[in-house]
Amino acid sequence: MSSYAYLGPAGTFTEAALNQLVKPGDTKLAFANTTAALDAVRSGAVVGALVPIENSVEGFVARTLDELVIGEPLVITAETTLPVEFALIAQPGVALSEISKIATHPHAEAQCRTFIAKHLPHAEILVSSSTAAAAEEIAQSKDRTRGAIAAKVAADHYGLEVLAEDIGDNSGAVTRFVLVTKIGKINERTGHDRTSLAIFIGADHAGALLEILNEFAVRGVNLTFIQSRPTGAELGSYHFLIDVEGHILDARIGDALMGLKRICEDVRFLGSYPRADKFTTEVSRGRSDKDFSEASTWLSSVRNGTLT
Amino acid sequence: MSSYAYLGPAGTFTEAALNQLVKPGDTKLAFANTTAALDAVRSGAVVGALVPIENSVEGFVARTLDELVIGEPLVITAETTLPVEFALIAQPGVALSEISKIATHPHAEAQCRTFIAKHLPHAEILVSSSTAAAAEEIAQSKDRTRGAIAAKVAADHYGLEVLAEDIGDNSGAVTRFVLVTKIGKINERTGHDRTSLAIFIGADHAGALLEILNEFAVRGVNLTFIQSRPTGAELGSYHFLIDVEGHILDARIGDALMGLKRICEDVRFLGSYPRADKFTTEVSRGRSDKDFSEASTWLSSVRNGTLT
Amino acid sequence: MSSYAYLGPAGTFTEAALNQLVKPGDTKLAFANTTAALDAVRSGAVVGALVPIENSVEGFVARTLDELVIGEPLVITAETTLPVEFALIAQPGVALSEISKIATHPHAEAQCRTFIAKHLPHAEILVSSSTAAAAEEIAQSKDRTRGAIAAKVAADHYGLEVLAEDIGDNSGAVTRFVLVTKIGKINERTGHDRTSLAIFIGADHAGALLEILNEFAVRGVNLTFIQSRPTGAELGSYHFLIDVEGHILDARIGDALMGLKRICEDVRFLGSYPRADKFTTEVSRGRSDKDFSEASTWLSSVRNGTLT
Amino acid sequence: MSSYAYLGPAGTFTEAALNQLVKPGDTKLAFANTTAALDAVRSGAVVGALVPIENSVEGFVARTLDELVIGEPLVITAETTLPVEFALIAQPGVALSEISKIATHPHAEAQCRTFIAKHLPHAEILVSSSTAAAAEEIAQSKDRTRGAIAAKVAADHYGLEVLAEDIGDNSGAVTRFVLVTKIGKINERTGHDRTSLAIFIGADHAGALLEILNEFAVRGVNLTFIQSRPTGAELGSYHFLIDVEGHILDARIGDALMGLKRICEDVRFLGSYPRADKFTTEVSRGRSDKDFSEASTWLSSVRNGTLT
């Protein structure tokens, strides 16, 4: 039985995502923000923290990565995704026609405009700090004229009912979450892994990014995510957050990391972990572990003058 | 006299930034979120909206750019920066030793930990939805045991007093804000311009990013920002948000844009505008407007067989 | 009726290649070396000169290109290829067993070693300045113990007989020849054109070649040949001779040439002409003339603020 | 005492270059062509062969490299350069005004046109197979009306006299020669080494060259020479001959070679040897042996989860 932190409050999409990873008997602890959740890992209060990292409607994707980049190093050991399925929820027994106010997070409101325009065009929009907070307000106020746009899980959590499901404009949207733990034993390779990195360039020199991408390209390593982030001290000083296909134990990934380490001010390994979508990594011509091993053997024989 | 929208509430860093751009007599209207502020531009309710775009402690940088990428096109016509100077503010006449609770946005709390640990180690931390909201709560509650970490401007706005200035761990941090307007006449060139772009790649094909960066590199165009963003419909489908040094009327920028337009699914121009830091763009060897003009003349003479 | 120069003497592969291009009634003039043949074009003595340019066993491929790069500019207007089919030729009526000496150019001897080792292992090898010269010596000396390794056309030319055909070790080898004329009207496009260029870099700066290749790569232009050549004045100063697929009237080729002109010390256009192998140029995604035209129209509308 | 082959005949620039490398008592053997000279190395008849490789007026630079690429592998172990200083030589006691015919190799004639036009405008030009052969003809014929344009060394060799020295148009030209031996112990590093390579690409795939150059670029390895060469079997199938700055024992060169070995059909090492010009190799940021060693140590600690 382990304890896990997550970006709360209870009833958000993040809690729903954590349910996909934990075992029966594990404890889930909601934290008010990503920083607090990760600090709980650092302090040992929990073994891991689940935080949103991509395309979230709730959270602070950039902040999650920023948190991983500063302070005591942590690593991502798992990821999971969740369809972003908004529901309109309200007090039990309330009909859609009774709703005159809709509370939700602004991002959620922005993604449900078609539904609102069609079914509740005259509803007043109330801003809340999270979709779960919007649900909680209904539960506490017992206000039967108020609806909340939130995850379905929030209805269960606060004893409310779902009036309409899957009301988002973009029905295929998903959020990606990552499980963050202390540094330790590297995950085993699965063949469908992702590796996350933070790469710091020293000076803001033109062409630095192209140099970095070339280090990946020559080893046949594909990027799935990139973001330049200010380092904080001054505008114009950057680091890059990058996800690539593959595992740090893959020869080509290790080789690319050494190349980056040589030319960059710093490289921080943020974890190698199985992709939630289980897409098998395609290893391009000449970039398998066997290719690296054979090339190394060949070089030795050339250097020894024993090539035949 | 013009009306401007900004990301509210009043008393945030964004309002302080807008004060740097508006003229006496102009109207400032606070909006609850970036979407609402930009929609006010689209509807004609305001002539422009100021929203944070980089390194903000308040807002949703990624969201700002996302908003510019969807819906009716808008363009950035100006930017301004503001030092992120946190202050501890409280009811008039309150001493630091009287403070037992600190309200603020989680990001602000994360950036002021050294001050808190040293001066108020036992204070209870209260989460608020924005730094201005934390100040407003003090103003409304008259609670003399509560402090708020917020922008200095919030003290003025809510009739409070500054107990301690510049309390952030990272005293050089700044936030960048952009002024967004409807598409129209392009800004004149200043020699220290920035151009913002959204670049959509069709398929998630390996090497797409390298191709995009090469289009800039061969024209000697430097990037100052890059971010891959999911397009929303499905994970693995991306667009890139990119800032470069230079102006769309520069020959090299125009040439790079045409190159991108040819190979990408779509390119959205998000504006050319003077950099707040007024750094003069260095034009590298062979990339001035004169170089482009001379090369064009030369090619014509070669094609005509009249080269001498 | 026109006069053409070629790299002589008569009876070489070059004459055989010229026969593929000239019309009945045209005059063919043999010149002792490439320089002399090209100078005959420059002086107007002939309308064109055919010289070997690739994989020749007779000639000086590098020198041909060097000649095109210095002095009064000329352009390539056609190319043709010829299988390198060596024959053993001798006086009429001579049997293979009578041959005790073999005269030929060293390169030809090097390419026929298997035949010699099998059929004439004890023959003395006599070096001649060209394969045709070897044949001419037999014709003049009437020496019936002597064979020449040369082009079959040499047998006809000097009244000799072919003892063995296609005796080269590498039966698929071909030589490429180019027809060089004065600068004038550009060839029409055929869809299977090649363009030859000389590109001069100013300083011997690291990465110059990569920059040059990137200019082609971003326009989707494929190289079929590259050679660095010393500029002559000092070691370490170079130019590049490059062949690409496509025609100077193609938008992507013109765009690449302008890019090179901007960053290089000089660019010399050496001709656009149909490939002998008639391989159709594949135009990659986004690099057709239509793509260039549409991107230009788009840029204008963005710059005018009239994009809809 | 060792025996060395060289590209003859005696009296050429190559013999003069070999004089710079051999010790007193060593034997110099002239061979009629590069193939024969290299085969003498392969057979063990000589310990090394000196052949011209760049900018020669006598020889077949491309052929030299081609010879290194086929057959039993050999390696370059030294290089030397020689100023290309043409002299007009004739029978002893002959005055310039007595010369009515000039014999020389066409390349030499092409490089001395200014001298000829000024001093011997009416002289008949006689083509010879080498500059030394031109001198030899004078020695044998005793023809006092004939001059030869050749290396000064040819005058000594054939008992002739120098009428005019340094008569070339381009007084700074030099030829580079390489000493070729059997594969064996690698040269020690000097800090000013060059490494020669032959790189075979499998299919004629677009972008192959850019891939190859990127392998060098990411390791900060500079090229000093490149040439695409047809592989012989068919047009459109190529290999590349490339010289780079550095030594195969340098970590960055070894790493680049392994990268090439992985993606190319084959890589042939042609030798690491001191540059004749003794230019010290500049090792760019992050590419020293120490940088490679540190990066390897770092990667191990990351993979072990022991990074602190």
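Chains here go by letter, A, B, C and D, matching the order in which they are written, and residues are numbered from 1 within each.
Methods note: contacts are C-beta pairs under 8 Å (C-beta built on N, C-alpha and C of every residue); 3 or more make two chains touch, one makes a residue touch a chain.
The UniProt protein names, listed by chain, are A, B, C, D = prephenate dehydratase.
Please read all numbers here as calculations on a predicted model, not as lab measurements.
**Q** What chains touch chain C and also chain D?
**A** none
**Q** In whole angstrom, what separates the CA-based centres of chain A and chain B?
**A** 23
**Q** Rounded to a whole Å, what is the gap between the Cα centroids of chain B and chain D?
**A** Those two chain centres are 58 Å apart.
**Q** At least two other chains touched by the same residue of chain D: list those residues.
**A** Answer for chain D, listing residues that touch two or more other chains: 214, 217.
**Q** Can you name every chain pair that touches?
**A** A-B, A-D, B-C, C-D
**Q** Quick one: in the complex, what on chain A touches chain D?
**A** Listed in rising order, the residues are 73, 183-186, 211, 214-215, 217-219, 248-249, 254, 257-259, 261-263, 269, 285-287, 291-292, 294-296, 298-299, 302-305, 307.
**Q** What part of chain A is in contact with chain B in the complex they form?
**A** 32-36, 54-55, 60-63, 81, 106-107, 109-110, 127, 129, 170, 172-174, 176, 206-207, 209-210, 213-214, 217, 222-228, 230, 232-236, 240, 277, 279, 284
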